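Below: one structure in structure tokens.
The chains carry the letters A, B and C, assigned in the order they are written, with residues numbered from 1 in each.
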Amino acid sequence: MTDETTTEETPLADDKRERLLNDLSESFGEILVESHLRPHEDVWFRVKIEAWQDAAMVAKGAGFEYFGFLSAIDWHIAPEGRYEDTEFDAGLVEEDDEPVEIDSSTGYGGGDTRFQMLMQLYSLNEQVGMILKADVGDDMTVDTVRDVFPGADWHERETHEMFGISFRGHPTLQPLYLPTEFEGHPLRKDFPLLARQVKPWPGVVDIEEIPEHLEAQLEAEVMAAFEANEGGS
Amino acid sequence: MTATSDREQMAYVSAQAADARVNVELDTGDMTLNIGPQHPATHGTLRIACQLDGEQVVVAEPIMGYMHRGYEKLCEVRTYPQCTTLINRIDWLGSFANEVPFILAAERLMEVEAPPRAQWIRTILFELSRIANVALFLGDMGVQIGALTPVFFAFRDRERVLNQIEEVTGGRFHPNFDRIGGLKDDIPKGWIEETRSVMVKMRTFCDEMEDLLVGNEIFQARCRGVGVIPPEVALGYGLSGANLRASGVDWDLRRDANPGLSWDQVDWRVWTHPDGDSFSRYWVRLQETREATRIVDQLLDGIPSGPIMAKVPRIIKVPAGEAYISTENPLGEMGYYIVSKGDLGPFRVKIRTPSFNNISIVPWVMRGVYVPDVITILGSLYFILGDIDR
Amino acid sequence: MTTLLALPYWQETGIKLGLALAVIPTTSLILVYLFLFKMMAFMQSRLGPNDTGPYGTLQLIAEAIKFLQKEDIHPEQADRRVFRMAPVVVLASTFLLYVVLPAGPDAVVENLDTGVFYAMAVSSLSVLGILMAGWASANKYALLGGLRAAGQLIAYELPLILAVMGVVIQAETLNLQGIVEAQATGEIFGFGAIGNPFILTQFLAFLIFMIAAQAELTQTPFDMPVAETELVGGFHIEYTGFRFLLFFMAEFGTAFAFAALASVMFLGGWWIPGFDVDDNILNVLGPGVMLAKILLVAFFIFWVRFTYPRLREDQLQKFAWKVLIPLSLANIVLTGIFKVVF
């Protein structure tokens, strides 16, 4: 039982993961684009999309043989369905011609394109998790990793219907959740959440900003309550 | 055990070939049998399209989506505290355990740590929801195989655990009690003693199940050697929880990748079974329920004093970044991959649910089994539909 | 045989038929109430029905009315005539069984000389009804259930008959009254006060009989044909309302009949120690004694039903052909040898 994650002041150095990062970077070689490490957490790798399948195989060879999940991220900054913009939702604004605004600057491992593949693997020996990423090109096609990790089968079907990413070599890319006649890819950011357009999210009220003049007072109350609690029990 | 299924499958294949030769004139076509969506063995609305040859399954393909609620999309338009309401409803039998990894992931991004007391109570409630969840499985497996009585015992005793959860959180099924930075409330007076007595009762319940089912020859005949999953296949499909440990893989996130709860403070062990069949899955879950009662007992002894909430801002904005936290939920590994952009709500949440991976092995494991075994295997893999469909 | 009233044949037959018709619903209701409602609830730490009438006794009437109220639904593709006939055929088999069940020296509808043979023959008639129901429902679950039931009932018919053979050899008669008499007049090593109930000498046969009867009744370790969690009711999946009630009554009526057969053949039947075998008072006391014995046997049937999981189809067949039939054959051989030696 390791208690490295629960200690109060975790030292930033994490030899095990750094060593793994270096080893794997070497094994990935040319196909690696970028890597990222948060000490005592997972390790992030971004690989070239052409080498997606190879990367999975390399990772499996390096001991990461436990398949967690596979999915994708849509970095498109879309105003639809965002809590701040309920007025926008109600209005059904047409903005087809505008270029897609992408912001993946906050993602670990970076990224250049709108869609990014995401796969999580575990190494049972090292007890370390790994996130594998890859930028999806304009052809929206990725090699399947179904042959490396059979569990990816359904995850790829889900990703296909939710994001519209195709998987080369996957025999049955039929919808998993959605009805066959469903059009669109629901988890894309530009897919409107109809419920929001019919009726603004009532939960918005809950997170209304506190008026300026009350903020200091409320904060003081909370802190007083907190300190009282800390002393007791 | 593994040998049985291999041999049977080989025999089945050769028998098929022989049949094909004989049946050139007499065409015995396969029959398609839809098990579900409304079927007592599917705990909801899962559909398994089986191709049958007589009583044997040639192909079994699960078809789901009858309960898909789109939580990943819905989470994107909610604030972090609002998300827990949805997340509660994924695995509806062990709701509290669903909230924990999400909250932990948000906490990690905010670099907030819950006070020790909150962590301990979290862990206790987590294990209580595990007991409440798995206790139902222990009885329900009997019903799947035809023994009616165990499930009533399970409902009876599970009620006690739910009462304890309700006393703390105010909700039997959907507590929505976990907060970023701690918990909503402290535990009520006298709760610790009551919980202790409930744990004694739950251990008695486990003994009862052992007597009623595990020792039963028919139960063993129905479960042993049925639905064997070798460890390497289990890893490839990403099976988790007791399903993985029943295949002999010694992997428990509570011990191996503790994301910041109090499991490392107590003395317990991870149970595994080498066989990988339906019986071992039942057996591992039974032992885990016992172990969970022991964990709770030990945790109850040592709850530290102090606050139950860390200092967090009133309006929670999670800094930009990504985090993946998973915990060993009653059904297996449940994790949340949160992509944050520094807003009030998450930018993208990928929910990795245990049942989704656990059920994805169905087409592999159900080749050549008998129709009754379909039910045994489904029951022993133990899924909850909300957990598959999200 | 003495008769209290000298009635014309047709009147006597009429009375007996009326009685038998009344007895079947009553007996199945008794079993349902006692075992399905109360005992099962007690075993599963539930209350069971307790609101309608004293101790929930009127619940049965409520249930019956509920069934009668329900709409009579046919599946669109069903073979209607066969679909409607099936429950009647199953129930008819139960009715015919009751014909030979003795409850006293004269309290029997028809005292057939080949009573055992007759009972075994008509009890297997129900297979026909079940197959009809399974086929005519135009439902795959029903079909699977019907086929399983057919396979199972035929497989377990054999050990049932072979087990009874032991009793028949020992009693030297196929007449059920004769078997009761043989037990009443028998002696255990010269001790004849309680007669010689065949459960003592034919214990193996009794066990085989009970196991096979459990399978014939499709009760739980052998309830693969109806398996609720799997075939969702099997052959009666498409039946609603009154037609389902017929199946239900047949199930419990047959359970009662088999318990009666077991008590006649193994437990001494209606005879009470200390009475003459053809004492007239036994016509009054006999039914009570029979009822007590039947309930005892039925208790075991239902106890097992609520306790055990069910066997798989192939295991169930293996058990019949590889265990029960050889055992019952051995029993016959042993009984024959002992019969000749003693």
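Quick notes on this structure:
Here is the rule we use: a contact is a pair of C-beta atoms (placed from the backbone, for glycine too) under 8 Å apart; a residue touches a chain by one contact, two chains touch by 3 or more.
All figures in this text were calculated on a predicted structure; none of them were measured in a lab.
The chains touching chain A as well as chain B do not exist; no chain touches both.
Taking the mean Cα position of each chain as its centre, C sits at the greatest distance from chain A.
When every pair of chains is scored by its C-beta contact pairs, the maximum goes to A-B.
Each chain gets a centre from the mean of its Cα atoms; for chain A and chain B, those two points are 23 Å apart.
Rounded to whole angstrom units, the spacing between the C-alpha centres of chain A and chain C is 64. One simple way to say how far apart two chains are is to compare their mean CA positions; for chain B and chain C this gives 43 Å. Remark: chain B residues 64-65, 68, 70, 72-74, 76-79, 82, 108, 113, 117, 119, 186, 232-233, 235-239, 249, 251, 255-260, 262-264, 305-309, 311, 314-315, 320-324, 326, 333, 335, 337, 339-342, 344-345, 348, 350, 352, 356-357, 360-361, 364, 389 touch chain A in the complex.
On the side of chain C, the complex with chain B involves touching residues 40, 43-46, 140-141, 144, 220-221, 223-224, 227-230, 232, 306-315. Residue ranges of chain B in contact with chain C, taken from their complex: 31, 33, 39-41, 55, 142-149, 152-153, 156, 212-213, 216, 218-219, 221-222, 370-375.
If you check the complex, the residues on chain A that touch chain B are 1-3, 5-6, 8, 41-42, 44, 65-69, 71, 73-74, 81-83, 103, 106-108, 118, 120, 122, 124, 127, 129, 131, 149-151, 153-154, 162, 175-179, 186-187, 191, 193, 196, 201, 203, 206-207, 209-210, 218-219, 222-223, 226, 229-230, 233.
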